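There are structures below to look over.
Shared between the two complexes below is subunit A, which pairs with subunit B and subunit C, respectively.
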Partner chain A sequence: MKLSTEILILGGGATGLGAAWDAALRGFKTVLLEKGDLAHGTSGRYHGLLHSGGRYVLRDPQSARECAAENALLRRLMPSCIEDTGGLFVTAPADPADYADQFFAACKTCAVPVIETSPAEALQREPLLNPKITRAFRVEDASCDSFDALHLLARAVRAANGEVMLRHRVTQIIRSGNRIVGVTGENLVTGESFTIYADIVLNCAGAWAGRIAAMAGCEVKVTPGKGLMIAMNSRLVNTVINRCKPPSDGDIIVPVGTVSVIGTTDTAVPNPDKYAIEDWEVELLMAEGEQIIPSFRQHRALRAWAGVRPLYEDTKKEEQKDSRLMSRAHALLDHESRDGVAGMLSMVGGKFTTFRRMAQLLVDTACAKLGAERKCLTKDTLIDSPDAKLHTVSKRLASLESNKWHVASSTAQPPSHQIICECELVTRAQIESHLRESGSPILNDLRRDLRLGMGPCQAGFCAYRAVGIIHETLQLAPPISNSQLLQFLQERWKGERPVMWGHSLRSLEFDLHIYRNLLGVDTLPVEREIEVYPTEQTS
Partner chain B sequence: MPAHSLPSLSTQITSDLCIKCNICASACPVAAAADRFPGPKAVGPQAQRFRHPRLPSPDKSLDYCSGCGVCSLVCPHGVQIAEMNAIARAEIFKRDGLPLRNWALGRSELLGKVGSLFWPLSNVPFKIKPLRVVIEKVMGIDARARFPDFSRGTFRAWFKRSAAAKRTMGARKVAYFHGCASNYYEPRIAQAAIEVFERNQIKVALPEQNCCGLPMQSNGDFESARVYARNNIRKLARWVREGYDIVGASTSCTLAIKHEYHAVLGIDDPALELVATNTYDIFEYLAMLDDEGLLNTRFVKRAETVVYHAPCQQRTHGFGRPAADFMRRFGFAVIESKADCCGVAGTYGLKKEKYDIAVAVGQPLFQQIADENPNRVVCDSETCRWWIEAHTGKKAVHPIEVMAEAYRGRRQ
Partner chain C sequence: MAYDILIIGAGLSGLFAGCLAARRRKKTLLLARGVGGTHIGAGTIGVADDPSLVKRPPPDHPYAAVGKKSMQAALDEFRIICAEAGYPMRGEPGKNFSLPTATGAARHACLIPETMIAGDLSRPEPFALAHFPGFRDFSAAFAAANIRLQITNHQLPIALPLPHLPIHRDSYATDIARLFDRPDYRNEVIAAWEPSLAGAPKRIGLPAALGLQCALEAKRHIESALGLELFEIPILPPSVPGLRLFNLLRDDFQNHGGRLIIGPTVKGRIENGTAAVSADTNGRVKDYKAEVVILASGGFLNGGLIAKFDGAIHDSVFGLPIEAPAQRSAWTSEHFLGPHPFAKFGLRVNKTLQPLDANGKPAAPNLRAIGSILAGADRLSEGSREGIELASAWRAVETTA
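What follows is the complex of A and B.
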């Protein structure tokens, strides 16, 4: 397959999709390539916090300002994936006492909305909080479901005539002299190779950006930094809780969807696709969790996972021309001025919260390179439908309830209302419609898109049901369906392993009995070929 | 006496313990009888994860839970499902407003006071069919549901008059919690209890007390229930400090004090701890005396066949079924009910949209009673007895009445 475009974006995370949306809105012919599914990279594994900016007020005031502005803007542009949890900064006994005043003053300077509240009020709002907190501040943190957000963005890109091509891995960059003119790669579903020519290539490959740059013969030193998170089974808090101290490990708990997530850590790893989750990291997060919620260890930990940050090391600092464009948190690399290779820009680092701004910066620069000044429209264009509302945790329960009452008291429930994933309330109808749209047999895609298998039983009950529906709907050969099931279970169990104690262990034992002893999954005929699909990052 | 203790985990957090095994779902009597009830796992630990303490829970189907507690009893992992449901339901009513019916059905003490004031006239309205039809239309209380008769005088008035109640002067002291039913409808049960204490040289006092609050609680009116609960805690704590044990024959009242004040109403104070850990269902108490060799066992043996139904609240206490064992010692042939719940679950079965479900839940029990055809049915809970009487035509008595007879050597 060969095609050509004006702007070609590599990487389907928040940065890449934001850039594609921006470019397409400006009327550029736009194509985005992603090797996995949407949210396959760090964007699908992040902490879920739409920053108020509070965390950065002292260390990185510019980031703080940007977060505050983008947070307010995104609530309006894509409300359906954002929950207005609000946030609290609390001073725990272990935290430096003088930080709170500095923090408060810096919030004011950075235009980060903040209100000091009393520890008693904070405790009333969040009863599980450490009663020994001495200060508490309310900020405008929110939680954001990145799977939903990226889906909305992909839809918006397509609506603006841009193209989002999933499971297309870039393997080579085509250069003509000192100019990049396109890329080649492989369609991972069909095995076909593709070539795409472009006027300019935007490298938004996150922790993989160094590899893309290397394909173009440019050296960009990106060290993947692993950040660990642990999802607790329920919403221990309904407000984002930040420790009021200089940012460090395990200092934030985010209620996102039905769970609450504590994070993160930051450890350099050699390979963004392969890293281990160490016991000490898990222990560290649990211990920090206790600082915020004394009963933390009594609650059920669901799974642990990590995302990788691109830690960019500026090896050619002196050559960077326009450093004004960059905040310390993200780096826009112009390879023409930096490496003498035209036709490609790289965006490294940054935050989910500021993806729109980063995209604007990137596409503004691309415009300049292309000599086509076009105004950015993303600030005033809704990503969501106009009637969309901010997300609430009970949304799924409510929609299920409205279905149920239509069924009245007939015994025969229409099968479409059957609940397949009981923990996350995913119905058969949702799965079937997803399959019709995506045609993907991969259970993990259902997980990312519908949250299937993400609840307390970690797919113990839904995986075998869902694979049956996939098998039936897509008319697959049995070994293929079997392989999908096994691959999915392995991935779920992998995430459970680091937190396998107490309640989770009991649940896992039960699931193992279902799959191994009752269903005999170990003896199923499987199809190895299926491995051509990229698997999750292994941990 | 060995004290029981209050649980340390908050009720909602026990949803963490669920492994989705479905044991509760297969045991729930309402889920088996009502298609529109998604069952304990679904409305309990599953829905709990989608509830926000500052937002209304959207799942109204939850209201079909009868609160019988079978689910909490069978859950092998300690999930307090029924308790969780009660809390979530109260939240819904807090937002939507309490239906008049639920307000009224929760007010058993008020009803009792008015009823005994206007006795015997007060017994008439509940029997006037057209009026009941109007009540059904306006309030949603099913016209078919039978209400008990108010008694001529209250138990408290009898106790004050009765010399018997005062002459016992043993070392062991009981402050008796009679509940609304014994006071206003069936003083004979509390009288039987006093008689049994007397036969055991137990000194009995009659503390000031209110309705336990359970009818309000299960009708979703937590605020009023808490007022009653706090009153009771205050009034009873005095007696406990003076060395009295709190004992009651209404198994749901004692359960409320022992368990629900804390687990459902969320009351957390040292006075409750004191009262709750010193409160006993009467058969729990008698069985303990028996274990310690302190029970008067001079029973006059007599042969009778009874069906014994241990009501759901009695089971939730978790002390076995000593009443059945005692009756066997009296010479009885005791056929134990196979049903977990008679269906009525307090005031659940009186509600229009739930009446048929409650009857369906009780059907296996009614059938067993019809098949065994005993003279009497024995059951510890008042609402269950009334419901069983209405649906089987059999007389239903409290086991403490049977015990008093066994001391006396004759049926009343």
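What follows is the complex of A and C.
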């Protein structure tokens, strides 16, 4: 396949999709390539916090201002994936007493909305909080489902005539002299190779941006900073809770959907595709969780996962060892002035909350390079449909209750409202419609799109049901279906393994009993070996 | 009131031990927090995928502690109990059936109920799998596709519609099984299925849901009306064949004078070298006295073993410590399907099935441990779960004679 475009974006995370959306809205012919699925990388592996900016007011006031402004904007542009939980900064007994006043003053300076409230009021709002907190501040944090957000963005890109091509991996960057003119690569589903020519290439590959830059012969040092998160089995809090202290490990708890997530840690790792989660990291988060919620350990940990932050290391500066101290702010690299290679810009670093602003900067610069004067429209364009409301499991339940079972049960057609994943209320109709749209047999895509298998049972029941539907709908060769089932179970296991104690271990033995003893999946023929650290999959 | 034998746990091993004790006219009490593993099991008895495990078990395996004689005797007596209840289990020690699973893999079992017998994969006659439209816990198409990779005489799956499934919610195997218990329902089914079965093979595999109270009667009724053989395939829990085993063992135990209490939290303690038991029902605590206490509370899955965050593992009733590596990451494999080291964690016992303390001495002379709480076996990899349960139950009751 060969095609040409004006703007080519590499990377299907928040930065890349934001840039594609921005470019397409400005009327550029736009193509985005992603080697995995939407949100396959870091955007799909964060704690879900839409920052109020409070966390950055003292260390990085510029980021704090940007977060505050973008937070307010995104709530309006994409309400269906943002839950207005509000946030609290609380001073726990172990936190430095003088930080609270500095924090409060800095919020005012940075235009981050903040109201001091009493510990008693905070406790009334969040009864599980540590009763020994001494200060509490309300801020405008929110909880954002990044899977939903990125699906919405991809839809918005397509609606603006942009193209989003998933499972397309770039293998080579084409140069003509000192100018980049396009890329070649492989469609990982069909095995076909492709060539795309572009007037300008925007490298938005996040933690993988260094690899893309290297293909163009430029050195960009991106240190993957591993951040660990643990999902607890229920909403321990309904408000985002931050520790009121200088940012460090395990100081944020975010209610997300039916669970709550504690994060994060920060460790530099050599490889963004392959890293282990270690016992000490889990223990650290559990111990910090107890500082915020004394009963933290009594709740069931569901799974642990890590995302890799793309931390840009300016090679001209002294080496920085602690990746948390590296800038969380974004860096826009113009390879023409920096490396003498024209036709490519790289956006590295940054954070989910400010993706729109980063995209605007990037596309503004691209416009200047292309000599086109086109105004950014993303500030005033809804990503959601105008009547969109926050999507919750309870709404799913309400809609199921109101219109289910119209189909008589004795007819040959299975009822479309049949619930396949009971934890997240995913129906047969949703799965079938996803399959018709994507044609992808990958169970992990169903998970990212529909939240299949993300709830308390972690796919114990629904994986078998879903693979049956995939098999029936797509008419696959059995070893392909079998591989998908096993790879999905392995993916769930990767996150569960670090939290194997108490009820989690019990739940593991139950799942093993189902899949090995009752179903015998360990003896089924597979098409490909099951990867312990899956990076990308093809059919 | 003092009992001869007090059993803790209402899974396969606890119930079977209860039947054996009651049948030997022991005054027996069975206490359990809830029902046990039967409700999620396949309803079959797996002893060992490889028969040499029974003949030459590793020294720390439960089979080494119970001995070959117990296994033979346990299987014999189990079959007698099932046959007397009108639910015969077929098969013989040392041999395994190979049966299809709901994914189309083969699973092995030593004793199987008559409702599964026609699924024997070594038989040459062609068969087809059937699904019930609207029932989500069995995909005949997926299972059949895998079976066809290995077995050429297998034919395409067929759909057999079921009238009167619940209309306000999804149905489970137990819903269907309760319908099949009714003769009038079966007559409706026969009429509904007849057209779909024209030209179909004479052996049909179905999700395991052919009746709870009178499964054999249901199977024979439909088979004779339609002129074919039916066999059940175990599916996602709740397990109908497992519930049948639970019901028949419970009835046998109670019919022989055993007393069954399910519900309270059972707490054990060792006082002056003797195991004593109390039951806590919402704060009302009652002590029970018994000559012998048999701990059949199960492994991690059943709540008999508890692993703590700090890496400590103990049994949930007596608090007996379990040997295990301190690092949690050493408990599991990075591969979901395992094998996982934690599978072999449990109580170490001597040949009398007395749990041993850290010094290798019995924790209490009147205490026995049986079933899935025993250390030394990877039940999933060996296919030995039910064999260990039955044989250790038999051996434990024998030691009280």
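Everything below uses one rule, namely that the second predicted complex is superposed on the first by the 500 of 539 C-alpha atoms of A that agree within 3 Å, B and C clash if a C-alpha of one lies under 4 Å from a C-alpha of the other, contacts with A are read in each partner's own complex, and residues count from 1 in each chain.
Please note the rule applied: contacts are C-beta pairs under 8 Å (C-beta built on N, C-alpha and C of every residue); 3 or more make two chains touch, one makes a residue touch a chain.
What you are looking at is a predicted structure, and each value in this text was computed from that prediction instead of being measured.
After overlaying the two complexes on the shared chain, residue contacts for A:Thr258 are found with subunit B alone; subunit C is out of touch. More residues of subunit A lie in touch with C than with the remaining chain of the pair subunit B and subunit C. Once the two complexes are overlaid on the shared chain, A:Phe510 sits against subunit B and subunit C alike.
With both structures placed on the common chain, the touch criterion links A:Gly468 to subunit C but leaves subunit B unconnected.
When the two complexes are overlaid on their common chain A, residue A:Val393 makes contact with subunit B while staying clear of subunit C.
With both structures placed on the common chain, the touch criterion links A:Arg300 to subunit B but leaves subunit C unconnected. In the superposition on chain A, A:Tyr312 makes contact with neither subunit B nor subunit C. By the touch criterion defined above, A:Pro478 lies against subunit C but remains apart from subunit B after alignment on the C-alpha atoms of chain A.
Shared-chain residue A:Pro456: touches subunit B; no touch with subunit C. Within subunit A, the residues touched by subunit B in the first complex and by subunit C in the second are 404-405, 408-411, 419, 461, 506, 510.
If you check the complex, the residues on subunit C that touch subunit A are 40-42, 101-107, 133-134, 136-139, 141-142, 145-146, 148-149, 159, 161-168, 170-171, 192, 234-237, 299-301, 303, 306-309, 311, 327-329, 331-332, 334-338, 340, 342, 380, 385. Those residues of subunit A that touch subunit B in the complex are listed here as 233-235, 238, 258-259, 298-300, 392-394, 396-398, 400-401, 404-405, 407-411, 419, 422-423, 425, 455-457, 460-461, 503, 506-507, 510. Within the complex formed with subunit A, the residues of subunit B that make contact are 9, 13, 15-21, 34-36, 38, 41-42, 45-61, 77.
On the side of subunit A, the complex with subunit C involves touching residues 278-279, 286, 297, 404-405, 408-415, 418-420, 428, 461, 464-465, 467-469, 471-472, 477-479, 481-482, 485-486, 489-490, 492-493, 497-498, 500-502, 505-506, 508-510, 512-525, 530, 532.
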